[in-house]
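Shared between the two complexes below is chain A, which has chain B as its partner in the first and chain C in the second.
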Partner chain A sequence: MSSTRGGRWTAWAFLAPVTVYLLACYAYPLYRNVELSLRRYTVRSFVSGGAPFAGLDNYRDVVTHPTFGPALAHTAVFTAVSLLCQFTLGLALAVFFHRHFPLSRTLRALFLVPWLLPLIVSASTWSWLLNSEAGVVNAALGALGLDPVNWLTSPRWSLVSVIVANIWIGIPFNLVVLHSGLQAIPTDVYEAAALDGASGSQRFWRITFPLLRPVSAITLLLGLIYTLKVFDIIWIMTRGGPTDSSTTFATWSYRLGFGSLLPEFGPGAAVGNLLIVVALIGGLSYVRAQRRQRW
Partner chain B sequence: MTTSGWRRGVAGVALTALTAVGAVTGCSAADGPAGGAGGAYTVWDPYPQFAGGSDWEKLLQSCGADAGVTVRRTGYDTTDLTNKALLAAQQGNSPDVLIVDNPVISTLAQAGALTSADETKLDTSASAPNLLGAGQLDGKAYGVPIGANTLALWYNKDLLGQAGVDVASIKDWPSLTAALAKVKGAGKKGITFSAIGTEEGSFQFLPWFWGAGAQLTALDSPPAVSALTLWTDWLTRGYAPNSVINNTQTTSWQEFAGGDYAFAENGTWQRANAEKLDFAYGIIPVPASAGGTAPAPTGGEFVALPVQRDTGRYDVSTKLVTCLTSPDNLLKTDTTLSYVAPVAAVQQTQVTADPELKVWVDAVNAAKGRTGDNLGTKYPKIPEQLWTAVQGALSGAKSPQAALSAAQDAAAAATR
Partner chain C sequence: MVTRGPARAAWWRTGLGVVFTALMLFPVYWMVNVSFTREGDLRADPPHLFPVDGTVDGYRVVLREQLPYLGTSLLVGLGTVALTVALAAPAGYALAKLRPVGGGALSFVLLIAQMVPGIIMAMGFYAIYLRLGVLNSAAGLVLADSTIAVPFGVLIFTAFMSGIPDEVLQAALVDGAGRWRTFRSVVLPLSRGSIITVSLFAFLWAWSDFLFASTLDAGGASRPITLGIYRYIGNNNQEWNAIMATAVVASVPATVLLIVAQRYVAAGVTAGAVKD
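And then the complex of A and B:
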């Protein structure tokens, strides 16, 4: 009897650090963020407290704000296009590197470089490459006899530019995860298929793709969460501009909260919470899909 | 998967999502140095470029020694400092002395984070009124300017010579535009500036905006539209590069330093970098639309005393500020920062030592506080609309008139 009680205490003791950690570093910031978004904060009440409860006013303000529509559309396009291209290219490269050939390890390691670079370095490099006046890309276009394009400064191209940069940064992650997924597929399945006379594309679509499904799902889920919150690349390359043309929820939330002289913490937190909800929906549908698969 | 497994899954996913977006909310853990330690007084400044052994650090230490305390200094990035100061005020661990960009003063004062000069008996009488204005709210001063800077037009003497432009002929907007046309005709580039979508962008636009006679209370007035049309036309005619839309003042300076540009709108703080240029340069004030000098916005930092729980600390803090802003020390500080002194007597000393500074001293004296135009704490709502309008017109998304009308509507709604 007493030994089980002791065991329970030990169990709690083992659980305590992670519980404290989760409460302090996840639950409390989330609670604060929700609270911020439900109160009407001014700089004065942020400092001295006593911000009046405003219910869903901040959310209403955010949803009716002229930036909301464009930001929502840009977030959707940015996330969808980034995910699709990163996954396709990552998978293609993973399959390519799965067949061992001389230098394949070295090449694969080189593909990881974008992932290893600090985001500020890669984003600044991209903004130099795409600079309207002195950028390499426009110089190359000029050499081909084409007109220069204002990659970062025209409303038509700014979103495209940040998406391209984000895809470049995201490919290594997809490559690594999918490559390790490929290695988990038993080779005898391929051998059996080869004996049955399956062609290369049949082997990919009938064996690789279906067996890679669980890994693909988690790659896409992590990619979704990662891409939704992408902030640094966009902020460094375009500041979300010109005139909101590359603003996503992440950059908008930052701009509301910290981007001007007078912070609007309430609406900023509201936008941040909307992002959490979207990521949560993505996560839940993943769990659902997993559950259906197991049964 | 069992039901509890499903729940666990949900919790796991929820936490993953939280981690993901945690960055947006910003961690509010108390990390600033507390102001409570016995003989140590904390100073926060926006000069991270000055390391431990720098003259600035030495000056702070010697002021601390005079007041019988040790000074602990932290340098922050200037945009970061506003948020840090607000968070510190919320958590009651503000620094004893805060040096911060001037338009932030009225915001921090409104937040109740700063003490007024009346309260701490801080003497502000020596400072030039047009500079002190930025730190006033409801007739009370909330700090003393430590140095001032402003904008003017830098020009490339060699390049203008080749293009056959006489800089003395530039008196107003038409003559400036004519000079740009001549430069472009000679195969060079006209002018570079910063029109980025941040406070920096509106700071750079204000001399033209005010130089046309516009006021921040009416963003869509005809003079305002004429100022934005001037910039937009420069871009469409190729007198200014398209990259200005994303230029910070630093990248704009780099373009100018490359030697291809005839003019650059930039500030006093580039004087040290100007020594490194490999061409001869000169400086003229930004012209107003119909001639004369346009009022440029005042830049530069204020020294302020944040509110402390222990009001007994104000005495020493005031001594520190008085020491930092004494004429001798102002001269030292403003020389290291490439700033113009905020006090007339010290300005004279500066000009005597370096006659090149005369243009800047004149520009600072003609400059205007951003929180002027009777705006005060309404000001911070306005530049965001202004830079949005500038970006809209320059990128061709909207006409100058349409962009400014939208900005005025948004500003009116925000400051109502």
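And then the complex of A and C:
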């Protein structure tokens, strides 16, 4: 039925709406964004049009800007540390929840809560937890006899704080995906290993970890794409500050375009486009690795 | 002893699991706790661990000031669900069952689309909406919010509808139903589960969206709840009980959906990640 010529063309009747939608709501905004980055826009020309073509000037300005180095470093650290911690903690919890025990299902479901909350809710909750004077984290440090930390207002700690909040949000996703990956591993493999006298850690490193590789790879890829995009948490907790100490490409781009009274759309779009290149390289290298593995 | 051993080990695990969960959910508990705390006690040292002698003042403020925002969020959420399902369900059916020329390329485009960071979309949409004069409208926000959910929706529908046996559709065709009738009266009813999953995520993402709201809908009369919270924080508001009360109210949809539709949530999280 699907091979008939008629069928193949009716298919496009069903696909027409989504195709038009992709052109209008993805391709066109992306095109406008590239165009923004190649012209020298002012607020007036942004509204009325007619901004002069500037070639790659915006990109040159952005790359030589003093914020570029820190933003690049913070994006890399934020992404790498978040991914590593989310994945490790998520995997540990997935292994823990893999053995059924009373309430395991309910507790696992509760773990999803942080992931489902609106990011602005999580971010403002963490802001108050980490508040210098009234936050419960500093109160706990005080109870242990430690000095309070200016989590959000000192350049030394702001990046750490937003990373901690982001890890907290990312753990549930890693837990759920890795848990379902674990369930796909046939139990007789473990039974055979147990008969051969394999210890718990041997079973994990020799069986679980290798067999979980495909699921781990996709979890990390989705994590990478998601983490590169993270904007809400950082912007709400620190606005990228103090003095760029938690600025990433995403918050920098937003600040240039929308964060001040004098928007710089050209450079903002240029930063955004650099970000998309990184995300695409990550995504496509995964797709390629995946294909090579299959054939 | 032999039978009690494993049972005891299991309870030991439950204890540990409860501790892990409590640690994980502590920030959520703290949000609720602060939302009931009296303003004078907000900066108590040490902080009050339980809202003894609590107040619902924070919630009174929410009811007084945030209801319109909540209404907008509900409207935008439902609009996004409708648009997403209307676009993604037929596409999923075509990709799963009609195997069109160029279907693979389209799937690839949808995969790439999910990698585009929101800030880039926001800037592009802003430039377009400004020119068209549709900034600060709920409809514009629905269209932008749907971009988060449509590629995901097509993916879920394709995965699910591939599982519908060809014989069922063949039978409908033999009975004289056209492709559209087959889609409407056979495929859609069979796909109820995936419709729920897609709707649920489309709603939650639209409800939670802050980026598109703050760029495309920051000025008008119809602003969503995320901006209501942001306005509180941005004004250097010190009434953290009211801020946290708003946060609690804004979390209600996520919590309710997790309770009543847990298995659809789990299906959405793992779909796409764990296939074959």
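As a convention for this text, the second predicted complex is superposed on the first by the 285 of 295 C-alpha atoms of A that agree within 3 Å, B and C clash if a C-alpha of one lies under 4 Å from a C-alpha of the other, contacts with A are read in each partner's own complex, and residues count from 1 in each chain.
The criterion applied here is as follows: contacts are C-beta pairs under 8 Å (C-beta built on N, C-alpha and C of every residue); 3 or more make two chains touch, one makes a residue touch a chain.
In this text the structure is predicted, and so the values were computed from the model without any measurement.
When both complexes are overlaid on chain A, chain B and chain C end up clashing with each other. Of the two partner chains placed by the overlay, neither chain B nor chain C lies in contact with A:R40.
Legend: residue contacts after superposition of the two complexes on their common chain; A:T219 is shown touching chain C, with no touch to chain B.
By the touch criterion stated above, A:F14 is placed in contact with chain C alone, chain B being left untouched.
Of the two partners, chain B and chain C, it is C that touches more residues of chain A. Applying the stated contact rule after C-alpha superposition, one finds that A:N150 touches chain B and leaves chain C untouched. Of the two partner chains placed by the overlay, neither chain B nor chain C lies in contact with A:R203.
Applying the stated contact rule after C-alpha superposition, one finds that A:V136 touches chain C and leaves chain B untouched. Contacts of A:W126 after superposition on the shared chain: chain C is touched, whereas chain B is not. Touch criterion not met for A:H98: it reaches neither chain B nor chain C.
Shared interface residues of chain A (contacting chain B in one complex, chain C in the other): 22, 26, 29-30, 32-33, 36, 46-47, 127, 133-134, 225, 228-229, 231, 250, 253-254, 257-258, 269, 272, 275-276, 279-280, 282-283, 287. Touching chain C in their complex are the following residues of chain A: 1-3, 7-15, 17-19, 21-22, 25-26, 28-33, 36, 46-47, 49, 93, 96-97, 99-104, 107, 109-122, 124-129, 133-134, 136, 139, 142-143, 168, 171, 173, 176-177, 180-181, 184, 215, 218-219, 222, 225, 228-229, 231-232, 236, 250, 253-254, 257-258, 265, 268-269, 272-273, 275-276, 279-280, 282-283, 287. Across the interface of their complex, chain A is touched by residues 1, 6, 9-10, 13-28, 79, 82-83, 86, 89-90, 103-104, 107-108, 110-113, 196-199, 241-243, 245-246, 255, 258, 377, 379-381, 383-384, 388, 391-392, 394-398, 403, 410 of chain B.
Taken in their complex, chain C has these residues touching chain A: 10-11, 13-14, 16-18, 20-21, 24-25, 27-28, 30-31, 34, 42-43, 45-47, 86-88, 90-91, 93-95, 97-101, 103, 106, 109-128, 130-131, 143-144, 146-147, 150, 154, 166, 169-170, 173, 179, 183, 204, 207-208, 210-211, 214-215, 226, 229-230, 233, 240, 243-244, 247, 250-251, 254-255, 257-258, 262, 265-266, 269-270, 272-274. Contact residues of chain A toward chain B in the complex are 22, 26, 29-30, 32-33, 36, 42-44, 46-48, 66, 127, 131-134, 150, 152-155, 225-226, 228-229, 231, 237-245, 250, 253-254, 257-263, 269, 271-272, 275-276, 279-280, 282-284, 286-287, 290-291, 294-295.
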